[in-house]
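The letters A, B, C and D name the chains in turn, as written, and every chain counts its residues from 1.
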Amino acid sequence: MSFPLLTVTAALPAVGAVATAAVPAAKRTAAKWLALVFSLATLVLAAVVLARFDPDGARYQLTESHAWISDFGVRYELGVDGIGAALMALTALLIPFVIGAGWHDADQVEGEPTHRRWRPTQGFFALILAVEAMVLVSFAATDVFLFYIFFEAMLIPMYFLIGGFGDRAHAAGEEEGAKQRSYAAVKFLLYNLAGGLIMLAAVIGLFVVSSDSLGEGTFSLPELLRARANGDLTMSTSTERLLFLGFFVAFAIKAPLWPLHTWLPNAMGEATAPVAVLITAVVDKVGTFAMLRFCLGLFPNASSWATPVVIGLALVSVLYGALLAVGQRDIKRLVAYASISHFGFIILGVFAMTSQGQSGATLYMVFHGISTAALMLVAGFLISRRGSRLIADYGGVQKVAPVLAGTFLVGGLATLSLPGLAPFVSEFLVLVGTYSRYPVAGIIATAGIILAALYVLVLYQRTMTGPVRKPEIEGMPDLKVRELAVVAPLVALLLFLGVFPKPLSEIVNPAVEHTLSDVQKKDPKPQHPVADHNKWFDYKPAGHGGGDHE
Amino acid sequence: MIGLLVGVPLLGAAVLLCGGRRLDRTGHWLGTLLAAVSFAIGAALFASMLGEDAESRAMHSKLFSWVPVEGFQADVAFQLDQLSMTFVLLITGVGTLIHLYSVGYMEHDPGRRRFFGYLNLFLAAMLLLVLADNYLLLYVGWEGVGLASYLLIGFWQHKPTAATAAKKAFIVNRVGDAGLAIAIFLMFTTFGTFAFAPVLSSAGDASEGQLTAIGLMLLLAACGKSAQVPLQSWLGDAMEGPTPVSALIHAATMVTAGVYLITRSGAIFNGAPDAQLVVVVVGAVTLLFGAIVGCAKDDIKKALAGSTMSQIGYMILAAGLGPIGYAFAIMHLVTHGFFKAGLFLGAGSVMHGMNDEVDMRRYGGLRKYMPVTFVTFGLGYLAIIGFPGLSGFFSKDQIIEAAFAKGGTEGWILGAVTLLGAAITAYYMTRVMLMTFFGEERWRQAPTPSPAEPDVEPAAETRGEHAEPHPHESPKVMTIPMIVLAFGSVFAGGIFKAGDSFVNWLEPVTAFEHGHSPVSATTVTAATVVSLVIGVGAAWFQYGRKPVPVVAPRGNLLTRAARRDLLQDDFNHVVLVSGGTHLTRSLVYVDHKVVDGAVNGTAATFGGLSGRLRRLQNGFARSYAVSMFGGAAVLIAATLLMRAV
Amino acid sequence: MTGVTGMTQVASAGGTSDAVPSLWTIAAAGDKLQAPSIEYGKLSPVLIVLGAAAVGVLIDAFAPRKARYSAQLFVALAGLAAAFAAVIGLAASGAGTTKAQIAGMGALAVDGPTLFLQGTLLLVGIVGVFTFAERRLEPAGRGGRVDSFAAQPAAVPGGEGEQQAVKAGWTTTEVFPLLLFAVGGMLLFPAANDLLTLFIALEVFSLPLYLLCALARRRRLLSQEAAVKYFLLGAFSSAFLLFGTALLYGYAGTVNYSAIARVISGADAVSDPVLADTTGNDALLLIGGALVVMGLLFKVGAVPFHMWTPDVYQGAPTPVTGFMAAATKVAAFGALLRLLYVVLPGLRWDWRPVMWGVAILTMLGGAIVAITQTDIKRLLAYSSIAHAGFLLAGVIATSEDGISSVLFYLAAYSFVTLGAFAVVTLVRDAGGEATHLSKWAGLGRRSPLLAAVFAVFLLAFAGIPLTSGFAGKFAVFKAAAEGGAGALVVVGVIASAIAAFFYLRVIVLMFFSEPQADGPSVAVPSVMTTSAIALGVVVTVVLGVAPQYFLDLAGQAGVFVR
Amino acid sequence: MSPINYVYLAALLFTIGAAGVLIRRNAIVVFMCIELMLNAANLTLVAFSRMHGNLDGQIMAFFVMVVAAAEVVVGLAIIVMLYRARHSASVDDASLMKL
């Protein structure tokens, strides 16, 4: 029985959540530091996971397996492949920044009814840690049921984070703001819960299928994959398709994929910037991750059957999200729609069924997490200064707060995936991967990068450049030390991973190869492959030896 | 060693941009120094390269593997051959001079450190572009220079026009970049790689259709970066940037990247004559387009911008001619780099002395106030119009020759176009010259509202001075670079031409064939000179003899159209901008009403249903009893029915 | 009275008719009956509880007013605890599995389901006693602290007598024996092995509940109205059940479950030609069966027999509501299971489709109507209807898994319900309990702990993972899917999605909306209510996180003795 | 005549009782109708008992009577309480709780 690294990694933030919640009402700052410490400790453990993970090793590593609910064929099974490890690392990485950025989001506001048991600050940070714990488990779970449980359970803390802690100053006034907030929270929860319940039906169906063909029902992913591979696990085409849909719809809502996306703008718009980051950079990744891990692995035939439709929807997401981003008047909603566009890219890469596409999609999940975090958190700092989310209320910030503007620009450039910054690598891989199997789709998606430039630069121009017209802007302070400490590492990371993504991609690639073999797909071969990639020196320019010398 | 070329200026950029205020007082010198260092490195490499014999001059160095995914192998690796070397020297050389110039030009600007940071960033990106050994890395440099140009055009961000121009430049370029991306996809699916060596060496294996597709996509990229029709509209607005930027990026180096790309990909184009034809056509059209626009502009920088467009048209055209043209394209590129940079610096010097007045109608008779500028500008002028003996003469003459050499009617048409272009060039450059340095001193006349065209916007508020200008010569730090460039403008062409040294130098990379021109070289030269004289004459006739009105005359239709960039922007506005705006607006509506409406609708439906159903619960025990009784009846009936069926 | 005349008619008819079966004359000749043999051990739980109830009655009759409360409390708890111990003992002795048997001359079946449900019921009863005995919520009268039951039920609401009684601080200690009687009846209900016992047990636990409903201290008019509605409709339904019983008797000539089952399966056909037109007459069987089932569906509150639920739940004293909501469902579903699995398995293909319809109606109806409720107790009432629907899905599975999943669900559900209603008793303003939802706004700000606890219960109702509600729902749906009722599962999933909406509404209200100025205050309860709530939370979490042990328990209990 | 007729009669009585419950307002009368239904059941039981020739039915009838009596006790108590509170025994008046 080796050391249960994954369990500990996931449990640590949970413990932190309890501890933070238990801090007395008066000691708000103490709670913050406690939460920060726990998140950092988790980051260390996640780093250990990444370090312990051997790219050339078994498919699932650091595995743990204990009996849990044998009646349901449920086991407590953890284990990470490269994809899971990378995303665990991402999660653990972002949470400290989220906490740091949200440092004052749950502070006491004057006029707030006080109660010895009412501890919003403690609650805020405890909930963040709770989400982290649940997300970590769902990235590590190799038991479908275990995954499902946390996939669903994480909605609850998210729900309280969205509904409970919105921006202080709301464009539509205080109580109207509260109304919209709880609307957003309920919409988020119901939307995802509905998806989850559809998935529940599919999960039960999976159990029935497996118990029919394997004798006793199991949810263990490795077992199911093995049974699938050697033909023990059989299901009728229609069953497989129905089950696939059950799973996919749930993930597509979480991801979110057009037309199931409408909860995201509300949620990200109403939540505070750190929570918005939590939603789009961490929680939503579970959806795309699950497509890669469960949909493709368990229902390969149905996946290929659905691919054309999914690709179509993904393309719609890419363009639709980008166009709506151009049309937004609210900074946070703009970022939300941008994210929808990016999730379109991710899903495109997943279902392109090429190693470039899927590696790209996985890297995209990580890089998009970082870049959106950078952009959104800076946007949050901006909004907290001016107390408005409307783009029109800004302008000329660059003059008074150059550092803020600079970091905002970097975040924006990462969002439009400028080469040299991390997202470029993943986006290009996705596009190449898509193009090599679906050229038309690849070209259409490429149009998305033009629109990306449009909405990012328009946003930057309207908020940061031009003359300072509004008095509120005049006195706007530049980034404080805490804020800089939050943003600088993210920017550095974006640059580093943009230049040197190799370590990450090496961890991811084997996992992708496994997934591709699950769906029995091979990369399309080039028409005129070049034998030796580095035959530089015997290169003669064409036309030279062409003999048409006079 | 090669890595250092890129690394040094990159380091400079990093230091200057992150360094903070403490570098404000020394930053510009640091930036200039680093630019000089990279030039030195380039020169050293050049020397060592000359040591080798022609065939084995190319160097190659791989730094590390960048994005390895199965078949998709992208390295960070550099390749330095004669073609790259030419660019390296041009970029670092001219770059260093312009750094030096900017020290003086930006003296009073609060953001000077940032400015030099951006300049260094540009150098790094541009060097990466020309040194990359594969298309993906080239793409990085490609967008890198785009970013630098975005930052520098919008350097005076408080000017809305500048911010808009910068945004426009980036987005238009993004369209081209998309083309380059797709070209890379095509190469990957065709050859399984996108490194220069393997792709170009095995280009022959691919079908013509594939090569044509790749070629057209590359051309699209080139159009974006080199401001060729139909993606030329950004260059004029890009003049919102500080003048050194216009000189370095939008005249000497970046905008010529398209020419580099096509020349570099020669092997592909050689296999795709259709693509080549398109290239030639684009070049020819732009050549005239730019020239015509250049004639109508009163803003000195925009006039020069038009000329740049047109000159690059020459280069693209030459590159489109294939092996007979590549070398000349590059040669013209280099000479153009010298004299156009010189002209822009001259323009900058003039503006410097005229409180940043850019409207040539408010100049006049400046030659006695700023002699150095006058002389250097004049030499550049002579070079560009192709005055025999100066560098422009040689390079352009060769291109015209090659154009005829294309053979057939195509050859005749192209030759005619190029000659016409030469004439117009002579016309508008003479116009600039006359309006600026000759005639009476119009700036003394009371400032009247500037002409109605939106694109001629006086940049006078950049430093907020509106006093009557006192024209004066610029400081040494500015004049020296101008002088150096003037030398280049005069002698470069001759040196290159001497013994076809330049062609031989490039030949191992780009290959070279002698074109078989239907008309003899001397005839062509003669024709060139004639057209030159015509152009100059016409200009003198119009602007030299009679005084130039301060307020531009309404002018004929063509003039007015040309002032508005031949309505290109209006077209964009109507078709793209407003169309896009409507699209997004309607989509926002759809998203809210339809997609989201469906969701909320479902919720509302259940709510209404609930409201109706609960009315059944009317509180009367007897009605409850009725429902029970009915229920029982139904239960029985159903059970019996089940048995019956 | 009428009954007697009926007898004579039959007798005379018997005298005259010559088509007299031989059996009859023999029986009439009256040879000696053998003395019945009763397995007291097996029946001990029931006997203990009913005995304790009798003692309770005596106490109320003779003990001085001051002493009654504590005495009653002691007797009740002792009785229930002892009975629970007896159940444990029986289970330990294998009475639930290997030694399962029919006891009391075929009247009662002591087997796994019986013991599991009896255990659950007794625990529910104990917790119910806790909530009944809570005396810290109402302002104290002269005679000391009072509970939430009427001071003088007989007195006219708002009348002289009542005011005096309230001043005097009187209390209705009869509630304890009533509760014990109810529990006793409920213990019998799922154990009943013949239709007569079924009917008797039904009445035994229904009558005390009717009375308990009428005993609220506040809002007595509502309370009385609830009692009347519950009584009339309950009696109405029991009449149907009885008539169904009679018809089944007519069909099979016996009321014993297994005997009826044998007749249905045609194992022992009645040879006598005279009986040809009755025995084996499927019309009688189907109608009778439908009526009996309907009587039980009324008790579980399935659509369209559910309409009493909201009114009664709202009007009854909240502790009673909690007890009723939890216990009645457990008992009634136990009886329903036994009826459908032991008596009517032969009719599966007749009743399953019908039950499908009922289940779908119940799930959707309950969930949809609940959306627009404004009173927390009515809300919970409708939610209980929806849950009845989910349980029916498990019943329809007609498999061992179906039985055990329903058992598990019942156990999980009953404790959540008790806890939830216990919380409701604590939220009070001047007029007593503040049950209108608008009053609950911002409760999370005033007393976060209570709100959090209630949120846990709501999430369990909604079936969010890691709560007992989810485990139960999953078990039931799994059984249904395996039983080939996949479509039902889909409907159930949709219904749960709808249901989630109104549970969320309450959470939103408590946490995200600003508290009203005149909002309610949260009373600080005694250890009894506290423990009731705590138990609810514990069970909810334990059954949610580590349900395996209890699933095993229910799994072992999944077999009916025939 | 065959005892089956008693069954028909009982069915009729049962229906009458049920109808009464649905139609009559006065709680007492409603309750009486329910009693009628119970006794219809009794009649059925006895009739079938006669036909089957075993005693179970008759014995059940006795049980039912006892239960009915108990029900009367509880029922009347509740109804009287209701009447005293509202001075009306109408079932429809007791409709405070609805929707």
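Note that in this section a contact is a pair of C-beta atoms (placed from the backbone, for glycine too) under 8 Å apart; a residue touches a chain by one contact, two chains touch by 3 or more.
The structure displayed is predicted, hence computed values, not measured ones.
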Requested in this report: Name, by label, each chain that touches both members of the pair chain B and chain C.
Outcome: A, D
**Report entry** Central chain (by mean CA position)
**Finding:** A
**Report entry** Between chain A and chain B, centroid-to-centroid distance (C-alpha), Å
**Finding:** 36
Query raised in the report: Measuring from the mean C-alpha position of chain C to the mean C-alpha position of chain D, what distance in angstrom results?
Result: 23
Query raised in the report: Rounded to the nearest whole Å, what is the centre-to-centre distance of chain B and chain D, using the mean of the C-alpha atoms as each centre?
Result: 97
Query - Separation of chain A from chain D, taking each centre as the mean of its C-alpha atoms, in whole Å - result: 66
Report task. Spell out, as numbers or ranges, the residues of chain B touching 2 or more other chains. Result -> 603, 614, 617, 619, 621, 625
Query raised in the report: What are the residue numbers in chain C that touch two or more other chains?
Result: 228-229, 232, 236, 240, 310-311, 501
Query - Contacts with 2+ other chains: residues of chain D - result: 18, 21, 30, 91, 94-98
Requested in this report: Determine which chains touch and list them pairwise.
Outcome: A-B, A-C, B-C, B-D, C-D
Query - Parts of chain B lying in touch with chain A, wherever the complex brings them together - result: 17, 58, 60, 64-73, 76, 79, 133, 136, 139-140, 142-144, 147, 150, 154, 157-160, 162-164, 167, 170-171, 174-175, 177-178, 181-182, 184-185, 188-193, 195-206, 210, 266-267, 270-271, 322-323, 508-511, 513-514, 516, 580, 583-585, 587-588, 591, 595-596, 598-599, 603
Requested in this report: Provide the residue numbers of chain D that touch chain B in the complex, in ascending order.
Outcome: 18, 21-23, 25, 30, 91-92, 94-99
Report summary line: In the complex, the residues of chain B that touch chain D are 614-615, 617-622, 625-626, 629
Report summary line: Listed in rising order, chain C residues that touch chain A in their complex are 442, 444-449, 459, 462, 464-466, 470-471, 474-475, 477-478, 481-482, 486, 489-490, 493-494, 496-497, 500-501, 504-505, 508, 511-515, 546-548, 551-552, 555
Query raised in the report: What part of chain B is in contact with chain C in the complex they form?
Result: 603, 606-607, 609-611, 613-614, 616-617, 619, 621, 623-625, 627-628, 630-632, 634-636, 638-640, 642-643
